[in-house]
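These notes open a run of structures that come right after.
Note that chain A is present in both complexes that follow, paired respectively with chain B and with chain C.
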Partner chain A sequence: MTVKIEVVAGGIPHTKIMVAGLLASLVCLYLSYLNVVTKTEMFSFFGGLAVVAALLWGSHTIKVLCSYGIGTGVPSAGMIAFGSGVMGMLLATKFGIAAPIVALVLAAIIGLIIGYLSNDVLNMKIPTMVKSLTELAIVGAFTLMGFAVLMTGSFTFANLMSGSVTFLGQVMPSFQVSFIGGSLIATAFMLGAIAIQHPFNACLGPGWTQDRMLILTAECGFLSMIVAAFMSFALITSGSALISLIVALVGWGYTYSEYMKLGKRDAAAWLDSKPIPDVEEH
Partner chain B sequence: MTAVAAKPAAGGAMNPTAMAIGLVLMLVIIGACWKIAPGLGLMALIGMIIGGVLIGFGTHFVPVGGAPAAMGQAPGIATGVPMLAAGAGLAGLFGGAWAAEQGLVVAFVTGAVGGGLMMAITCMMVSFIYVFGMGIPAASGKVKVDPITGDTQPEFKSQGTEGHGLPFTSFVGGVIGGLLAGGGGTLIYLMLLDLYKATLPGMMNATESQIMPIAISAAGIFAVGMFLVNAVLTAYNITGTIEGPHDPKFKRWPRAVVASAVASALCGFVAILIVVM
Partner chain C sequence: MESIVFGIGITALTGALATVAGAAEDTESNIGSQGDPNSQVQLAPQMGYLHRIFNKAVAGEPPAYGLWCALGAGLAWAFMAMQINAVLAIVLGCVLAVFVQGVYATTAYVGRTASLKKFGQPVYVDILKSMTTVTMAHAFVAIFCTVTLCYLMNAALGHPFPLPLLGLLWGIALGAAGSAVGNPYYGKERQYQNQKFGAGVPIAQSGNIVRYAEAGERNSLDNGFFTAKLGGPASGVCFGLIVFLELWRTVIFERISAGWGAIIVGILIILIFTVIDRYIEVWARKTYGPYAAPVKEASS
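Let's turn to the complex of A and B:
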């Protein structure tokens, strides 16, 4: 006796967002392969763009799932997305150039089984549960892979496991200075999990509008990208990390100002108050 | 017309067919693991399934109140399962990880105590805030008499609420839940760490001390991922809120145990495949 609380009225249909998000993040992940072709690390920022594309798709999936009232709060959807996504992503990195495609397939299988468990074994009986959890697992895997590309410039297992340190002018291999060995993956996990669940959690309610939520998602994605770009200074050349940082800052600034505009559009009224009122001089 | 006013739809009914399919799926995964990685891999998988079941079962004891509890309209800790799991369960996991070098039993117990301690502190601070900050007494809405202390409940319950505050049984349930979940999370971590320590050196042509950062980090992130998957599955089972072991919803635990076992087998198998493929 599930009651659908809210239908997606107007706006872009979910299928369109799903296909666009999937294709955009796949293309961005593969564009980062230009790093290998051109033997630089300049194209690492495509990983961050893949993160933003995947998050846009994921936050709309959370909206579709959570409008049924799953009773556990929105953050749980973000957590299960990344919990199941990290499995598929790490195994997929072992497949070299095919990694993004393998991550897509593996995460879909894991998400499908977890969706079946939730819907039938746990008797949730929500029509879109299986589909949504499958999508969320793929989004989790793509987001983590995007962060990996952003921080290390690569999505292959060997490059995520080992890095190099320069000590007294000599370059030495080190397992500690790497995406996994340095536990940067744990930070990426939480950066993504918070960015995916926050937009719908913040925008839900009678005044929900699709464009405002999606622009907030993009803003959260770029904000996470700024932090990840700072971390990438440790693993890739400073110039390449600087490019990622600039892309992230520009993207964040633009989406933030757009979000403020949409927030003012949807608000009943607003007052531009100042944090500290001016004291009148007498 | 929003998700705010939504009511959970899941009932207490079991679905035997789906549970049987789930168990068969788990056996298939265990069989596949036995075929690909007998010995250490299979041991690790079984350990991870036990750990996952402990997390799934333990989360049922934790008094999760959600948003109604924050408004003093339902008993329990005023947040959702993922937050409590991340706070209490991962505290246990970190505690157990520190003791990982001292053997399985010591580390497992340390993890359990870490989780239980974190839950005890959380429950105490929550009670402080409820009683002295919000000015509400502890009263259960689901039972007439507290099963442990024998205190009557309805006199203290405000009209129009499902109870409020943190009754004594919920406190005890929270600590038991923390013990089980912290121990389960630690078990998953230890199993993966042992497996990675044994297999990664050969795979990457390095000594054990060199690959330790990778083994610890990979085992840690997988343990966190599996912990969250199991905790959220349990949250779906109890549809968000539960008062503790005396709540009628507690009787739904067989469903969550099956779901956690299958999900842990699946995730654990993927984590094992990384080193044996």
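Let's turn to the complex of A and C:
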């Protein structure tokens, strides 16, 4: 068994973040179903908000997991989260309106299996491994589903597999111009995988603070949402994509300035064009 | 025949693009202290060596470049699907991808440095401003070249994968080439320039990286200047060779026995490189050998 080197001292307990993240992203994913009810694509931005909520939970899970010496870098945790999440998410999209719930269950099962394999078969023996990998798989599935909703306006398999292309004034269905056929899912995968690991990777160290890491997670989520909104212009109506873009820009601007304020608060000094300060030994 | 000549032309062009991409990628990551040399930059303040080096730890280079290139390619793909001209679409996609890279770089530097408060390492705003823009410029060259070569593969050579997937694959390959070839030059050579050559790095010297120049203090731009001479071009040659040989074998030998020709030639190339690598390794061991105490001159 490895030794735990850091603990979550103070701040919001992990269970609270987990429940809040799970509920918020589920609710946001279901709110995007308003697209079907109202027959528009205006509510696609709820997918992006689901991404932010899921990432907030996921980055704190990574903090809990990587507090143990797991023997690899922090980014690998993001990769395994999305590698296991993408399977649950893709299979779940076959289930229509139940997709988010099915994704939750399937990803949890896949995460449990991977957690069991790494902890008991590969003998990593890290106390929180099974629980954390289960959580990360669900976060990965929710984040990918959020990106799918943001870019296509829907989380059903049929809509992810088909888009439309305008050729000589005729609108024709096309597999090539779609979330999966155009491999936008590959971009979404990397956007999420880097965004989930970056906050803890960037804030680790003796001066780690929870609020700074979580605001950075929200910043990464909104930043990913900005570029995903740009990509959504190809798949949904311009007006709806514009709404997503504005929501993302506002969220990103706010969280980025807040993060810089917290960085200033936590830093030893905030200097401009100054030499290296003198310390005693060197 | 004509299609083979066309294919060889595209292959040469992608090889050249890849060489530029590799050189720019390595210089970018060295200025940002990304990849394995980052551990020493992170460790230095903890050992009492405060510094003015940029500490841009987003992820290892392969995942980070996997994202930047997949993002550039995904955005370019989306712009092309909106009937925007391919050249403009690729440029716009890469500009947005570089924006994301720049934001990640600033948050990584501020976050890492703020967490080192205990050791008195300050956040330098001038470093943040000048280094981030330089890394963004290099990253743009690297991402643009990679996305363009992916587009050439897809559009001119008829590669079956969509653009974003190609961007992801070749982005990871680009990061891996820069990380494997260029980083030793920065991490083992530049950071420990103040140590005896060939002596290795004793534990006591961990974190004692080069921080001062002939006059004044060094920052990461000096590191970029240093590694751009050999480390960058070497990474470029590595990535350029990977892309060139990969496409060359496919274009020339694909028609032989339903694609098996290309696979067999690929295996042959790996074997040839294995022999060359082994030869160089043995030669280097014999010539430079393990570190030995200097032989004393026989006194009369």
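The definition used in the following text is that the second predicted complex is superposed on the first by the 270 of 282 C-alpha atoms of A that agree within 3 Å, B and C clash if a C-alpha of one lies under 4 Å from a C-alpha of the other, contacts with A are read in each partner's own complex, and residues count from 1 in each chain.
Assume a residue touches a chain if its C-beta (ideal position, glycine included) is under 8 Å from a C-beta of that chain, and two chains touch if they have at least 3 such contacts.
All of these numbers come straight from a predicted model, not from anything done at the bench.
On the superposed chain A, the positions of chain B and chain C overlap enough to count as a clash. Legend: residue contacts after superposition of the two complexes on their common chain; A:L271 is shown touching chain C, with no touch to chain B. Shared-chain residue A:V37: touches no atom of chain B or chain C. In the overlay built on the shared chain, the residue A:V227 is in contact with chain C alone; chain B does not reach it.
In the superposition on chain A, A:F175 makes contact with chain B only, not with chain C. When both complexes are overlaid on chain A, the residue A:M161 reaches chain B alone and has no touch with chain C. Of the two partner chains, chain B and chain C are each touched by A:L204. Of the two partner chains placed by the overlay, only chain B lies in contact with A:G88; chain C stays clear of it.
Of the two partner chains, chain B and chain C are each touched by A:S183.
Where the contact sets of chain A with chain B and with chain C meet, they give residues 73, 75, 79, 176, 181-183, 186, 189, 204-206, 208. Chain contact summary for the complex, chain C toward chain A: residues 42, 48-52, 57-60, 63-64, 66-67, 70-71, 73-75, 77-79, 81-83, 96-97, 100, 103-104, 107-108, 110-126, 161-165, 167-168, 211, 217.
Against chain A, the residues of chain B that register as touching in their complex are 1-11, 13-15, 18-19, 21-22, 25, 66-67, 80-83, 86, 204, 206, 210-211, 213-214, 217-218, 220-222, 224-229, 231-233, 235-237, 239-241, 255-256, 258-259, 262-263, 266-267, 270-271, 273-274, 277. Looking at the complex, you find that chain A touches chain B at residues 1-3, 5-6, 66-77, 79-80, 82-84, 86-88, 90-91, 94, 106, 110, 113-114, 116-118, 120-126, 161-162, 175-176, 178, 180-183, 185-186, 189, 204-206, 208.
Taken in their complex, chain A has these residues touching chain C: 73, 75, 78-79, 163, 165-166, 176-177, 181-184, 186-187, 189-191, 193-194, 197-199, 201-208, 212-213, 216, 219-220, 223-224, 227, 230-235, 256, 259-260, 262-264, 266-277, 279-282.
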